[in-house]
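First subunit A sits with subunit B, and in the next complex the same chain sits with subunit C.
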Partner chain A sequence: MLLQQLVNGIVAGSVYALFALGFNLVLGALNILNVAQGAIFTLSAFVAFYLIKLYEVPFPLALLLATIAGGLINVALEILVFRPLRGRGGTSMSTLVASIGASMVLLSLAQKISGAQVERFPFETLPEVQWSFGDVRLSFIQALVLATTVVVMIGTYVLLNRMKLGKAIRTMAFNERIARMLGIPTGIVACWTFFISGALGGLAGVLLGLMFNSVHFLMGEPYVLKGFAAIVIGGFGSVIGVIVASMLIGLAEVFSIVIGIGTFRDVVIFGMLFSFLLFRPNGLFGRDEELRP
Partner chain B sequence: MTGLYAKFVSRARTGVLATAMAVGTAVAGMSGAVAQEIKIGVPLSLSGPVAFAGTKMKDAMDLAFEEVNNSNFLGSMKLVPVYADDMSSQPQGINVTQQLALRDQVSAIVGYTASNICQASLPVAQEFKVPTLQGDCVVPGLNKIGEYVYSAVRPSDSFVEQLVAKVTPLKQFKTAAVLYQRENPVFAHLLGVITEAFKKQGVKIVATEAITSGADADFSAQLTNIAAAKPDVLAILLLGGQVGPAMVQARQAGLDTTLFLGEQNFDSSEVRRVAGKAAEGSLYPSHWFAASPLEANKKFVEVYRKRFDRDPDTFSANGYNAVWMMAQIVKKAGSGDREAIRQAMETIGEMDTIFGTAGKTSFEDRLVSLTPFFFQVKADGSVEQLQ
Partner chain C sequence: MNWNEISYWLVVYNHSILTALINSVTALSLYFSLRAGIFNLSAIGFMAIGAYTAGIVALSLGTPAVVGILAGVILSLMIGTVLVYPVLKLRGHYLAIATLSFGAIVQALALNLDGLTNGPAGLIGIPATVRVWHVLILLGAILYAAWTLQRSRTGRAWDAIRTDLSAARAMGIDVENYRLRAFLISTALAALAGGLWAHVNRVVVPFEFGFAQLTMALVNTLLGGISNPFGPVVGALIVSTMPDWLSGFAEYREMITGVLLVVVVIYLPNGLIAPLAALRRKLSGGRRAATAGEGAAR
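== the complex of A and B ==
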């Protein structure tokens, strides 16, 4: 049973990681805590669900289109909400409030579309295969989530450290004005950052909807706070940090149930968050800021 | 005197209601007189985690208000619903109750979706002396709030106790487990009720696991613990939107032959649609079922299907039934005066309903009297009534 719970914890952590990586990208690069990421997660799941249910689109194509839709919704938010605010010298508080508003608009849209009902992907969307290794069971969708997390983690790391766009994002994260002085087209880079972030959120939404057999308009909400906790614990802007912290959160949740304190699992998670904020505010892998005297 | 009058009104109403529901919209507009508008507050959870139930209630309540008004059931009176969204939140439930009582000056309230919101809001309705018929909350104790608060549904505890007593010898359960949502007062209360009910039948509780909130979707860790205990039956005490996913995840966790048992919210096409074959064998009680042969129910199901292109479920039935009960109460009161409506609730006696086998109910200790049906889900997703 312990091995099975270990698998459960890693799978749960993988979903948090997929969500938090996109969240972290925008926060790290543009200093925007985009809580509408939860709504994008939800809307993308709905896009895939309706493509498959109504138009019988094959799953890989529906997943791709839903991922792109997540990215495009986030780009729309950047252009309509965040960029105008930045242009007027908006603070991180004003962008946070704006993202809460955007989130409410998107969630209302999701509720309207779905009639607030809980849906599930059609039964044959993915092979209903389950492998058993002794007492441990692993379903096809769980394996898919694990594999996707590994691919996304490597992809994000390569993007940020090896590609021109990633270097531009990191430069913007350091200082947007300096990036502009260096000739980086910050508007385009910001759009790409939002696109990748939304796409990652969308990817996570579809996979989670499939894994837990539940697609509903509030499905992304629990992930916003957990995603934020993963970023704080892992360290702002650190890909490895976010992955490690997400796994820690997934495992802490599962093992709090194993040891019989499941009803306090949120206390455990947010206790961890609080402790990091108090004693190691830069997180596990975050670097200390050096300020010029 | 009152008894005779109540009997007379009841008989007259039975005929009128049946005719009215059959005649439908035909009578509408025939009277040239200006209708007396009676504002009825309708607080529902139309957004937030309980919106899956509140929106279904609203659809059916819209239908019922239309039928009441178009059929001329209330003569020169007309019910005007004033909807308010409590956003599945207790503070907002209190706010909208205050608004309906003070700002909108409603004559009565019919509605509410979630039990925790009923617990918070109904004392406010009592305080402002607004006669209130709650239509969906199944937590016990609401009938003790005061003389202005009545319930159109019964608490689920006695239904669940009866279900356990009925099915345990039938299915020969030896061990049981419970998965419940701890922040919801109905489920927190039902945990104790169902545990006692199983113990009374000699069934050993081998695992009890909690989930934190109504927004949770991942129950794999709790179900892995439960699967290790190999129970014969698993009681699932979660929100309706969580029941289907929990059933599927339970099968994935290895509970291949365990039967699921629950309360009224199992009675939903949504649960069966999401759970698919995982729901096979599930057992639940309900005061209503779509296939009930009562004429009023057959008409409700037919009209609902035609209007919304889906089957009604318990939430829809609760909403529809509560509006028609309120219409009968207002008819007896003869006006929109709050005190007259309260007195009518107290003295109304027998009422027509789409619930139960006889199509009749009355208030006992401010609760409707209802006898539950018991059901089991079959392999093809259809439902059979347990005799």
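== the complex of A and C ==
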């Protein structure tokens, strides 16, 4: 029983990790806290839903297309909102406010399209398979979430440490002006950063929509706040930190239900976030004070 | 328009007018923090505390609205005083996230402390004793105080801190003290707005104090502009009364305000009040060309 809850917590944490990794990438590289990531999460889930429901696209293809759609929406935001703002010398406050505005527009689009309905995926979207390991049961979607998260984690690590693009992103994270002086095409690198971030958000949205089998226009909102929590608890800019913190948040949620304070789970998580900010603002794996914005 | 028509109009739009005025108070609450360069998003949380305190006091003790509203303001100030020291150590995004999570904690508590707040159903049947002229007088007094403050030593200190905190400290400005003042003024105003709202709306439910409401308050404040205390009020009045004079607005509310927010932040960083203020300066001969509020939103 305890082991089962542990698995459930890790699966919940995996969705947080996918979402927060995208958040973290843009925050680290461009110092933008992109609230619209929550809207992308929702919109991608809708894209996958409509592809499957209306056009009967097979699930793997729909997942891929929805992920790409999430990335493209984020690139559109970079070109329409964040780049003009950077060009005009916007501060971290004005970029945050602009992303809130963009998020409102995207969410109201989702609301208009869906008519504020709660949508469900068709019955046989995913194979009804379940594996049992002793007492622990793992459904197909849970396995899919875990596998995706592992792949994405390795992918992010390889991208940031082994690939040219990742090195360019890290240089920009260090200092955008120096990156430009080194001949890095910062505009293109920024677009790729937004694309990857949006794709991760979209992937998380589709998987979450499948896991609870419900897609509605407000599903992203709690993820924005919990994504913040994961970034802060994990430590600014630390990939491992964000993943560990996401798992902690997932486990805290599941176990506050187990010990009977389930209705207070948000209080527990935001209380955790708050105490980290006050007592250890660098988070679990954060680097030095001077690197904070 | 004769007197009868005016009084009829006032009755019909009474609730919209009160909402707009209270939104102005909330916008001014955000204004004080932003003016001092503190990206403080706790306003909605303190508004909830003010509203719940006023509601609970009015329902359980039956005292006049003033008592409950004052109790809410005092309670918020007490919580704010505890909160302000750790929060003001944070910078930029971290401060925003911390204050945002404070709001989320308050909302989650309001949803779950059934005995005190009656959970998701909320407090019902609070007497609607706050009138338009009460709020008008309060708003006038706050605006007067804000106007005086911005032209005083405190206002100049806030502008210096917002522009460059380290430079302000190097100039010998007591940065911590002035930031603390701005934060506490914001706290008190947010609680006041919440208390008034409880006595206007008659109902206090947790869902009125979420991220969406915070967004609207930010839109009000930044649309008007924070270079001048009239900016947030103008913004709040325009946005809050939009459903009444813009047909089809209710349907596209989020979309319109979202687009407005993005456009204003990018192309009009000093808000709608900036062109007006520039005009006023031009009319008065441009003597004070370098006014303190210039470049406020950046």
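Please note the rule applied: the second predicted complex is superposed on the first by the 288 of 293 C-alpha atoms of A that agree within 3 Å, B and C clash if a C-alpha of one lies under 4 Å from a C-alpha of the other, contacts with A are read in each partner's own complex, and residues count from 1 in each chain.
Following the convention adopted for this analysis, a contact is a pair of C-beta atoms (placed from the backbone, for glycine too) under 8 Å apart; a residue touches a chain by one contact, two chains touch by 3 or more.
Fair warning: this is a prediction, and the values are worked out from it, not measured in the lab.
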Message: Quick check on the superposition: with subunit A as the shared anchor, is it clash or fit for subunit B versus subunit C?
response: clash
Task: Mind working out whether A:N8 is in touch with subunit B, subunit C, both or neither, as first, second, both or neither?
output: first
Task: Check the residue A:T263 against both partner chains and state whether it touches subunit B (first), subunit C (second), both, or neither.
output: both
Task: Considering only touches as defined above, state whether A:V57 meets subunit B (first), subunit C (second), both or neither.
output: neither
- prompt: Given the touch rule stated above, what does A:S214 touch, subunit B (first), subunit C (second), both, or neither?
  reply: first
- request: May I ask you to decide whether A:L284 touches subunit B, subunit C, both, or neither, giving the answer as first, second, both or neither?
  value: neither
Message: Between subunit B and subunit C, whom does A:S139 touch in the aligned arrangement: first, second, both, or neither?
response: first
Query: When the two structures are overlaid on chain A, which partner does A:S108 contact: first (subunit B), second (subunit C), both, or neither?
result: both
- request: Determine, under the contact definition given at the top, whether A:Q117 touches first (subunit B), second (subunit C), both, or neither.
  value: first
Task: Check whether A:S94 is in contact with subunit B, with subunit C, with both or with neither, and answer first, second, both or neither.
output: second
- prompt: Thinking only about the overlay and not a real complex, which stretch of subunit B clashes with subunit C: 98-106, 152-160 or 188-196?
  reply: 98-106
- request: Jot down the residues of subunit A that show up as touching in both complexes, subunit B in one and subunit C in the other.
  value: 108, 111, 221, 263, 266
Field: Residue ranges of subunit A in contact with subunit C within the complex
entry: 27, 31, 33, 81, 84-85, 88-94, 96-98, 100-105, 107-109, 111, 221, 224-225, 228-229, 232, 263-264, 266-267, 270-271, 273-274, 277-278, 281, 292-293
- prompt: What residues of subunit B sit close enough to touch subunit A in their complex?
  reply: 46-49, 51-52, 54-55, 182, 209-213, 215-218, 220-222, 224-225, 228, 240-242, 244-245, 248-249, 252-254, 270, 273-274, 276
Statement: Touching subunit A in the complex, subunit C uses residues 34, 39, 86-87, 89-94, 96-98, 100-102, 104-105, 108-109, 111-112, 211, 215, 218-219, 222, 252-255, 257-262, 265-266, 269, 297-298
- prompt: Within the complex, which stretch of subunit A touches subunit B?
  reply: 1, 4-5, 8-9, 11-12, 15, 108, 111, 115-120, 123, 130, 137, 139, 208, 212-214, 216-219, 221-222, 253-254, 257-258, 262-263, 265-266
